[in-house]
Amino acid sequence: MKAKTPSESRATSTHIVLPDDTNTLGNLMGGRLMYWMDVISAVAAHRHCGRVVVTASVNNISFNQPVGLGDFVTVEAKVSRAFGSSMEVFIEVWAEDHKTISKSKCNEAIFTFVAVDQVGNPIDVPELTPQSDIEKQRFDGALRRRQLSLILAGRMKPKDATELKAIFEDLSE
Amino acid sequence: MKAKTPSESRATSTHIVLPDDTNTLGNLMGGRLMYWMDVISAVAAHRHCGRVVVTASVNNISFNQPVGLGDFVTVEAKVSRAFGSSMEVFIEVWAEDHKTISKSKCNEAIFTFVAVDQVGNPIDVPELTPQSDIEKQRFDGALRRRQLSLILAGRMKPKDATELKAIFEDLSE
Amino acid sequence: MKAKTPSESRATSTHIVLPDDTNTLGNLMGGRLMYWMDVISAVAAHRHCGRVVVTASVNNISFNQPVGLGDFVTVEAKVSRAFGSSMEVFIEVWAEDHKTISKSKCNEAIFTFVAVDQVGNPIDVPELTPQSDIEKQRFDGALRRRQLSLILAGRMKPKDATELKAIFEDLSE
Amino acid sequence: MKAKTPSESRATSTHIVLPDDTNTLGNLMGGRLMYWMDVISAVAAHRHCGRVVVTASVNNISFNQPVGLGDFVTVEAKVSRAFGSSMEVFIEVWAEDHKTISKSKCNEAIFTFVAVDQVGNPIDVPELTPQSDIEKQRFDGALRRRQLSLILAGRMKPKDATELKAIFEDLSE
Amino acid sequence: MKAKTPSESRATSTHIVLPDDTNTLGNLMGGRLMYWMDVISAVAAHRHCGRVVVTASVNNISFNQPVGLGDFVTVEAKVSRAFGSSMEVFIEVWAEDHKTISKSKCNEAIFTFVAVDQVGNPIDVPELTPQSDIEKQRFDGALRRRQLSLILAGRMKPKDATELKAIFEDLSE
Amino acid sequence: MKAKTPSESRATSTHIVLPDDTNTLGNLMGGRLMYWMDVISAVAAHRHCGRVVVTASVNNISFNQPVGLGDFVTVEAKVSRAFGSSMEVFIEVWAEDHKTISKSKCNEAIFTFVAVDQVGNPIDVPELTPQSDIEKQRFDGALRRRQLSLILAGRMKPKDATELKAIFEDLSE
């Protein structure tokens, strides 16, 4: 399988925040945004591998900024690294205030998908070759995030997580 | 404000997986489940504090087991710890196969909510007093998760994260 | 087939009233609540018999109390009696005002489901053994309701409806 | 207020049964049909009185005939009698098989609505003058149904329910 | 195949404008109305031919009049002409203000459907015999609209569009 | 007001075709696609003018190619010309087969929006300066489409439609 670039998987979607997307304060509900993230990152993962993909896990998502009724939300997803049958997808979210038209980044999130065949067994996907500086940085971070996940799931011993060491060295000082 | 127990905030919801909830393999989409998680954990957080709550962040969620069309999904949420104006909510998900009626746990997730007043400013919430062993265990874990979040967000120095040290000591061996 | 208790079939769901659930006055629409009732009572009936179930009939439902936007609605269903292939399900609905957090019962309803095989033919279900006083009372009431339904449908002669006599004796005084 | 005829309130709606409207057998769910009934009977009640209306109660509904995916469902509602601030609405449902185009009646239901002012207090509605034989028959039946409701709710003594006597006389033979 | 009349295909649907149907001004969104138009005109086309129908094209639709939240919208569709496997459907839309109950026509639209077999190949449909004056007028107009479509799609030479000539003669004066 | 380019208004959205988006043949319904077109072209029009916009009219849309369940649909909209308070938006739609990942253009459509103030009165929008060849071609075509609309609506005399003459000259030969 030929390696692919992050741009080849890029997928975006723009939504208008409608009444049923909002909470009691009239702002976009976290649950709706996560649904939009899941759909568009599935498109990105599918574009990378051309196979059926299923959501495997979600890493930290922060909701820093309220988004109001009638505002526009753009969700953009790109594969940031591939490991065997799994793909890490990096998601960025921008909000446009419909009164001022000012646009600002309001969220980042990381989802992981697995490519499966028609009976649901995992199958390998193409490797990813990052191009830009930010893509390379996310590609490197993906390995550390994967090691942290494996440790937390009890499937890797901390001492084998070579990539994580640099970060957490001073924890045990 | 009088401290509350996790049981006082308990909220549950049972859903039938309908066609629009499923992906190309006919299984429940991750995005739909996250939407259900967000709603029911908002109810739990609201029951703890009696104020408007907004989703602040989502920690790791793993999707280990496919859930099929027509199956039942029960999502249960309880507040696991309170910190100032924020509440960590622990979510457990069970699936019931509609053919065999066997029930099994398919997901755990942790969401954090913040209580706000009508203009969206954070306001303090009651403390949480865990009762059962598992509630105490989650209460303790919440502090480590909070320190990890603060470090990753660059708002705490690793050496001050006393609770995290025990876990990551062997990382720098 | 081994008899079951009402508790074994118990199913509940909590919803936040969102904009599309409300009428022109900003209160929960009856039609949405009936949809929620139907889904959760189908879960209860399925838990009792482990077979596909279809809605057979709906008895009187009263809507006594308006439920506002942003409030929480909890729908709870338990099988109240089984007759051959049909199950009567008793539904109770509570509303929690999201400003005062006061909780009050706002509805009761009775739905009847039939268990069917994969081509839609009715199949027998386990009997129900009521436990608590209220469950016994509903179990007894179910027979009277069934006789009333059969009479109204012209499938039973009034004089054979022994359970109904006590109630309606004074109608012909 | 000038009395109105049932035809002046007539409201109809035709739906195509889509995937999310169906249960595990691929047939229209009872809960969806009740939602459609509620909306169209609210339109009929509103056309009768020109005021905001809220669902007050639902009488027996029977689901006799499965309706398949892709079939058309037509729901027709007409006010059948008015009592003070409340209106009884008679609903008939037809299904058209999308393969054979044969059309058959699959349900009848009776809903009651109350007209309210902007703060939710009941207000009187025009009287109804039935025209056709079937409308007169439903008009008469409405009184018996109302008496039965009041008795079951403990708000009328059976001996005062003069209209009901004829029907239930033989119950006490 | 026996020719049919426009009345035999007539289909109508009445909707209440709910919050999610509205734009930032609180008025019915064009996109929602087009969805309702598509469903009900598919029913009309299906009633004409008794076969699966797919949307082939949409002609001009004008949105002249805002329709508010809580208002009723009635969409009525009738086949206006049949050509081989395609059917032109004429759609009229009325809005009823829920405060004044005044009813006015707010839109007209023309959709074209094609009848297809189960693999999607076009199949012939019955001819249409217009009855009333307005139906005859639409029947005649359908031929001019068809010629205009064919010219714009480059599939007919303007000089062969005999029906269009009368209208556009003065264009080249 | 400073003139803007088409690129400044560009808006796109990618959707996965889910079960409720499909007709009886399992293909994307025209009505759903029109809803998606309306939302994303409203975003484009809003980006051009920064004001509330309402759908004014829809020109011909053709549905040439069935799009299957699970496929991806990308809708892209750009303002093609501005006239006073109205904006013509050009929409292109691509479908990606989820099995073959082949991508093809499946639709074009033209919507017109009007910018309004908070009480719904039309207000002027910036002019549009086309950049690329295709944008210039659409800019020119917009004038002819506008003249045709005005003539068909009886608001312009054919002899004044100078832009249309070239096209229809041979109609009257």
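First chain written, first letter: the chains are A, B, C, D, E and F, and each begins at residue 1.
Following the convention adopted for this analysis, a residue touches a chain if its C-beta (ideal position, glycine included) is under 8 Å from a C-beta of that chain, and two chains touch if they have at least 3 such contacts.
Because the structure is predicted, anything quoted here is derived from the model rather than measured.
K.L.:
Keeping to the contact definition above, tell me which chains border both chain C and chain D.
P.N.:
Touching chain C as well as chain D, we find B, E.
K.L.:
Show which chains lie in contact with chain B and also with chain D.
P.N.:
Correct list: C, F.
K.L.:
Rounded to the nearest 5 degrees, what is the angle of the rotation relating the C-alpha atoms of chain C to those of chain F?
P.N.:
Rotating chain C by 180 degrees superposes it on chain F.
K.L.:
Suppose each chain is reduced to the average of its Cα coordinates; what separation in Å results between chain C and chain E?
P.N.:
Taking the mean C-alpha position of each chain, the two centres sit 43 Å apart.
K.L.:
I'd like to verify one number: the distance from the centre of chain A to the centre of chain D, where each centre is the average of its C-alpha atoms, in whole angstrom.
P.N.:
That pair's centroid distance is 50 Å.
K.L.:
Could you list the positions in chain C whose residues touch two or more of the other chains?
P.N.:
Residues 19-20, 24, 39, 42, 52, 98 of chain C each touch two or more of the other chains.
K.L.:
Touching pairs of chains, all of them, please.
P.N.:
So the chains that touch one another pair up as A-B, A-C, A-E, A-F, B-C, B-D, B-F, C-D, C-E, D-E, D-F, E-F.
K.L.:
Given the complex with chain D, which residues does chain B contribute to the contact?
P.N.:
Interface residues on the chain B side: 18-20, 69-70, 98.
K.L.:
Along chain B, where are the residues that touch chain A in the complex?
P.N.:
Within the complex, chain B touches chain A at residues 23-25, 27, 29-32, 34-39, 42, 52, 54-63, 66, 111, 116, 118, 120, 149, 152-153, 158-159, 161, 164-165, 168-173.
K.L.:
Any idea which chain A residues touch chain C in the complex?
P.N.:
Listed in rising order, the residues of chain A that touch chain C are 19-20, 22, 24.
K.L.:
Quick one: which bits of chain B touch chain C in the complex? Just the residue numbers, please.
P.N.:
On the chain B side, the touching residues are 11-16, 39-40, 42-43, 46-47, 50, 52, 72, 96, 98, 101.
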